[in-house]
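Next come two complexes built around subunit A: one with subunit B, the other with subunit C.
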Partner chain A sequence: MTAVLKRLAAALAVLATAGALVWALMLLSPVDPARQILLAQGDPAPAPSQVDATRHELGLDRSYPEQYARWAVAALHGDFGTSWRTGDPVAAELAGRLPATIRLTLVALGFSAVAALALAVFGLERPGGPADLLSRGLVFGGSALPVFAVGVVILEFVVVGAGVGRVVADGTWPGAVLPALPLALGIGAEWARVLRGGLRDALGAPHSETARARGAGRLRILARHGFPHAAAPFLTVAAMSAGGLLAGAAVVETLFTWPGVGRLLITSIDAGDLPVVQAIVLLGVLAFLGADLLAEGLSALIDPRLREKR
Partner chain B sequence: MRNRSLHIGAWLLVAIALTAVAAPLLLPDPDRVDYAAELAAPGAGHLLGTDQLGRDLAARLASGARTTLGSVGAVWLVSVAVGLFAGTVSALAGRIGHEVVARIVDVALALPQTVVALAVAGAIGPGMWQLVLAMSATAWAPTARLAHTYVHAARDRPDVTAARMAGIGTVRAMAAHVLPAASARVVVLATLGVGQLILSLAALSFLGLGAQPPTAEWGRMLADSRHDVIAAPWLIIAPTAAVFLAVTSVSLIADGARERVDLGSRTWPRF
Partner chain C sequence: MSRHPLTRLALTAALLAATLTACSSPAEPADEGVLRVVTPYTIKNLDPVQQGLWAPEWGYGELLMRATEHGTVEPWLLESIENRTPTGWRLDLKPGIAFHNGHPLDAAALAAVFEANLAGNKRTQSQLADATVSADGPLTLDVETRHPTPNLPNLLADEGVLPVFDAAALAVVADRSDNAAVAAAGIYTGPFAVQSLTSDRLTLKRNEAYRDGPPRLSGVEVSFVEDGQARVLAVRAGEADLAFYPPSEALRNLGADVSALTAAANPSPLRGFVNTRGPLGDVNVRRALALAVDYRSLAEDAMDGLYSAPVGMFPASVPYARSDLRTDTAEAARLLDASGWGIRDGIRAKDGKALTITVLSYSSQPDTAVIATALQAQLSTAGFAVEIRDVPANYEAMADPEGWDVGLSFDSALGTTYDPLGRLHDFLHTKGQYNFGAVGDAGLDGLLDELSAAFDPTERDRLLDAIQQTAVADEAYALFIADRPVRVVASPAYAGYPASSVLQHVGATTGPDAA
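Right after this comes the complex of A and B.
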């Protein structure tokens, strides 16, 4: 129990530091937030007095620690300030975009899981055989192909060329199938590589030999001795791919004009809309930390050897 | 047969680097626009054809190789040099020094590399050097942890103790007995991440956050000509193949090198 609490405390400390770093991005930016917000709200030439009033309202005339504390408290309440591009609350913009991204990533992760499972098990029992070579070749090729190139192929040749699906994505579940494919390619290949390595180790271990000698079937050996052993490294890598998910989603969403957070991020970066960038980046870090904690917890549940160590 | 993947990967990388270096002597100017030769097919005049502005694709690919090798090499160098330095200092500096380094490493490890790059691009604007800076900011953390683990464990090794008893100072004992093996491990670990790094940099450039025109970069090249790929498929085949070959070569090198040194249980969770 104390181990779990310790781990949670460490994650919170990291999140607080990440928050401070994300807030500090504002200091790097050459833009005056008060002026920017007034411009975004439709005032073409804000008067200096008005800018000063907004600065005071935003608390920009306070000391840096005070500013950070106010920003952090607001962020914890889900308030990331006002978008410099639209003049609307950042939280509202995000809330409108989040469901589409969640749909896209869930479909992509589902594809990845199916592909990883199939590629990990296919040809596993005869190393060096044709099935093994094919599967390993697919995994190697999949992890070396850029997501954006596969996305362009699907968009230009399948959607535009062959007329399958829609050019302007609507953010619904069926619309997520084609954009999810390039996203799933790299993740699926990486998952398959680790899962396959873990399964191979497990099936070659003496206890699996013993089980086989005692007449256990192939499925039973795989389920009882293979997967539990391969679970921990696989879950670690699966959680790490959550870190690349935001950038991947940005590529795919921009290509397919998917109305999600990734495209909003790129639009905001292009427009220099820092508050929205801050919110999305923090969301990305949060997703990564959450996935990491989840993976560690699941690993400990599945693999008793990890429980005794901590 | 011994370590075939290391050899194939290394030769492939040498070939890419040679192309990048030799191209300016053999191929046309990669930035020269020629509207008369727009979307020309591969052939005698232009080895791999031309892009939507009539620029020579082969020359742009080679120029893109220089961009990629330069930026990836810079991040790799930081992750080796800073990682080795920070890890060694942390292992030798006593409790407080270790705590400081370890906490910074914890945070750097918890920040996804591409997310940091997106954040930096959002704050100070797009550009290849901004990306290199952002990627380097976290790239040294895994290598620092590995260097720390190795050097820390080696402090009390018999050969190191013997060297110390023979009157050699700590720094010299470390430099002679521990650092060569530690740096070999750090180099291999840093190389393991390079394939992903190439893909990330290309993807971010594809999004317009990396190399700015007219600089040639593989991801950016595909982004700029993506509406012409049906009419001119070489515009997608060439940059994709370039990224694929570069990632393949460093992956083969990393896989081969990993078989030669023991990275311990650092990359995977302990069993």
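Right after this comes the complex of A and C.
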């Protein structure tokens, strides 16, 4: 129990530090938020008096500690201010994009899991055999190929060439399949590498030899000894991937015009829309921390050695 | 099938993945009567005061006047417009015009349009402040402006100044941000009516009761896609018929399966705002800068022929255009010598200070970065040391007096309504709203003020000639760097689509193979 509380406290400390750093970005920005919001609201050259009034309205004429305190309290309530690009509330923009990102994340994770499982167990029984070499080659290739390049190839040859899928993604479940492929390729390969290593260690361990000598089948050994043994490192890597995807797969979302958080991040960086960037960065930190805590919990459930360590 | 259970497990997983991939959503089948376009600009809502400018572009609204491809403005919803006194105008509406809800557009409804825009539309307030209107017959409206407004016909053709809508019907809509409610109110005129508006797409349906007869198309779908490459790919993949605002990079590598259509007139000019506070405060340096630019090379080499070289401040298609731009590096050198900028190690310098200028490009227009780099190379041969600064928003950066000398900006001196008055004043008058470079020239101010009150076309042409002479040839207060033609990428079915340079993309006659 104490360990859990300590872990939660550490996560909160990370979140608070990230929040402070993210807020400090505002101080480094050369853009005047008040002027930028007025520009976004359709006034191409706002008068100085309007800028001053908006600055006052935003509380930008207060001391830095006071500004930070106001920002932090508002952020805790989910209020990240107004987008400098659109003039709309940041929370509303994120809320509109998050469902699409969650869909893409889940489909990509599903593909990754299937690919990782396939690549991890394919040829596992005969190290050095053709199946093993093929599997290792695919893992290497999947890790080495840039997501961007795979996405471009899919768009050019699958979507435009073969007429499968859509260029202008609609954010739906079926629409997530093609954008998820380049993501799943890299992630699945990484997962497969970790899973395969863990399984190989487990299958070569004395307890597996004993089980095999007692007549246990390959699948049973894999299920009873292999996967639990390989679970902890695998779940850690998987959690990192999931956290990253929830913060938005920026390259893929941009390439496939996926209406998610990642594309919003790129658009906002291009436009210098700091409040949106801040919110997405914090969302990413939160996603990483949540996924990490979940992975630790699951690992402890699966692997009794981890419970004992605590 | 393999004997090994693990291999069977792997193959099963691979088969599952392949099945899921096959489930990817296909492109919707094309309905031949529906035009599908992709554009980067999102229509946020249907409130005409906030977002009414989109209505005439996509055919679900019309204006009192409209610009033509021939460099003029002509009546659209109006039958005629007559200037009776320096501040008094008489507007006569065409008979038989109705909003989508069936209500007639008469003088009373038009008076309500003026009043609603004057109350809530910032553009109207800025251009027609304190104007008053009064009906003088069922279809006749008298407009009285505070100051002489010779460009009123152009203002009425500006999509942002006076969107036309049924103000009475809008007034009873409880929430103007409720797109379904505004669409149901049928407040606009035009060949198409709004069926729905979401964050991704505007869907229009044919207005069967349109005064000129039912439009050719049964509907229009306008999808909002920010990414330029994706817009072009959407046409190539058959998901869209027309892609607006294609990026130059996409045009360089356009496939043979689609075509790039170019509007006949009114290209979008890339202007260089000149900051007169730094080294460009010296007229000789400004003129040398303008003479050192190789306009032809910028258009044909740097931009691969996707741009054209400008002739001057205005496009050659308007009668008052002067040809003031030329490249003459020898004269540029003489001017710099005359101002005491000697050359040392290939860079001009005076009093130990190098002739360094900062050129602003901006990220929303990636071509500006390409052109800035080409300018850097060209100007170095004349001894200018050019630094390039890419900024997110150019107006924001130019509003700061420091940190720039030349600010690149796609800004037409004519807008899309062939109205030189407003922009010239904004950019070059001492009190101009966007006089970022602090141009302060009493003579030029006088000419601009005279133009603001000149109704006689001959006198206007004379003043415009004198303004160009001063602002471009004599003083080089602004650079005119390259012209980008309006282009649209079209599917084979729309290879005959007439690209509009005046923002009227869809009309009653729009359709496949339209000539």
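One rule holds in what follows: the second predicted complex is superposed on the first by the 304 of 310 C-alpha atoms of A that agree within 3 Å, B and C clash if a C-alpha of one lies under 4 Å from a C-alpha of the other, contacts with A are read in each partner's own complex, and residues count from 1 in each chain.
The rule is simple: a residue touches a chain if its C-beta (ideal position, glycine included) is under 8 Å from a C-beta of that chain, and two chains touch if they have at least 3 such contacts.
All of these numbers come straight from a predicted model, not from anything done at the bench.
Overlaying the two complexes via subunit A leaves subunit B and subunit C side by side, clear of any clash.
Contact with neither subunit B nor subunit C is seen for A:L76 once the two complexes are overlaid on the shared chain. Of the two partner chains, subunit B is the only one that A:F288 touches; subunit C does not reach it. Once chain A of one complex is fitted onto chain A of the other, the partner contacts of A:F140 are limited to subunit B, with no touch recorded for subunit C. In the superposition on chain A, A:L124 makes contact with subunit C only, not with subunit B. In the overlay built on the shared chain, the residue A:S299 is in contact with subunit B alone; subunit C does not reach it. In the superposition on chain A, contact is made by A:G186 with subunit B only, not with subunit C.
Residue contacts after overlaying the shared chain place A:L222 against subunit C, while subunit B stays out of touching range. For the combined arrangement built by superposing the two complexes, subunit A sits at the apex of an angle of 90 degrees to subunit B and subunit C, based on C-alpha centres and given in steps of 10.
Once the two complexes are overlaid on the shared chain, A:L5 sits clear of subunit B and of subunit C alike. Closest CA pair between subunit B and subunit C after superposition: 5 Å apart. Shared contact residues of subunit A, touching subunit B in one structure and subunit C in the other: 155, 160, 254, 270, 272. Taken in their complex, subunit A has these residues touching subunit B: 10-11, 13-14, 17-18, 21-22, 25-26, 28-29, 140-141, 143-149, 152-153, 155-157, 160-161, 186, 232-233, 236, 242-244, 246-248, 250-251, 254, 265-266, 268-270, 272, 274, 277-278, 280-281, 284-285, 288-289, 292, 299, 305-306, 309.
Subunit B makes touch with subunit A in their complex at residues 106-107, 110-115, 117-126, 195-196, 199-200, 202-204, 206-209, 219, 222-223, 226-227, 229-230, 236, 239-240, 243-244, 247-248, 251, 268-271. Contact residues of subunit C toward subunit A in the complex are 4-7, 9-11, 13-14, 16-17, 20-21, 23-27, 38, 44, 50, 122, 199-200, 223, 225-227, 230, 233-234, 236-240, 363-364, 392-393, 395-396, 399, 433-434.
Of all residues in subunit A, only 31-32, 35-36, 39, 42-45, 86, 96, 107, 110-111, 114-115, 117-119, 121-125, 131, 135, 155, 159-160, 163-168, 170, 172, 174-175, 177-178, 181, 217-219, 222, 254-257, 259, 263, 267, 270-272 touch subunit C in the complex they form.
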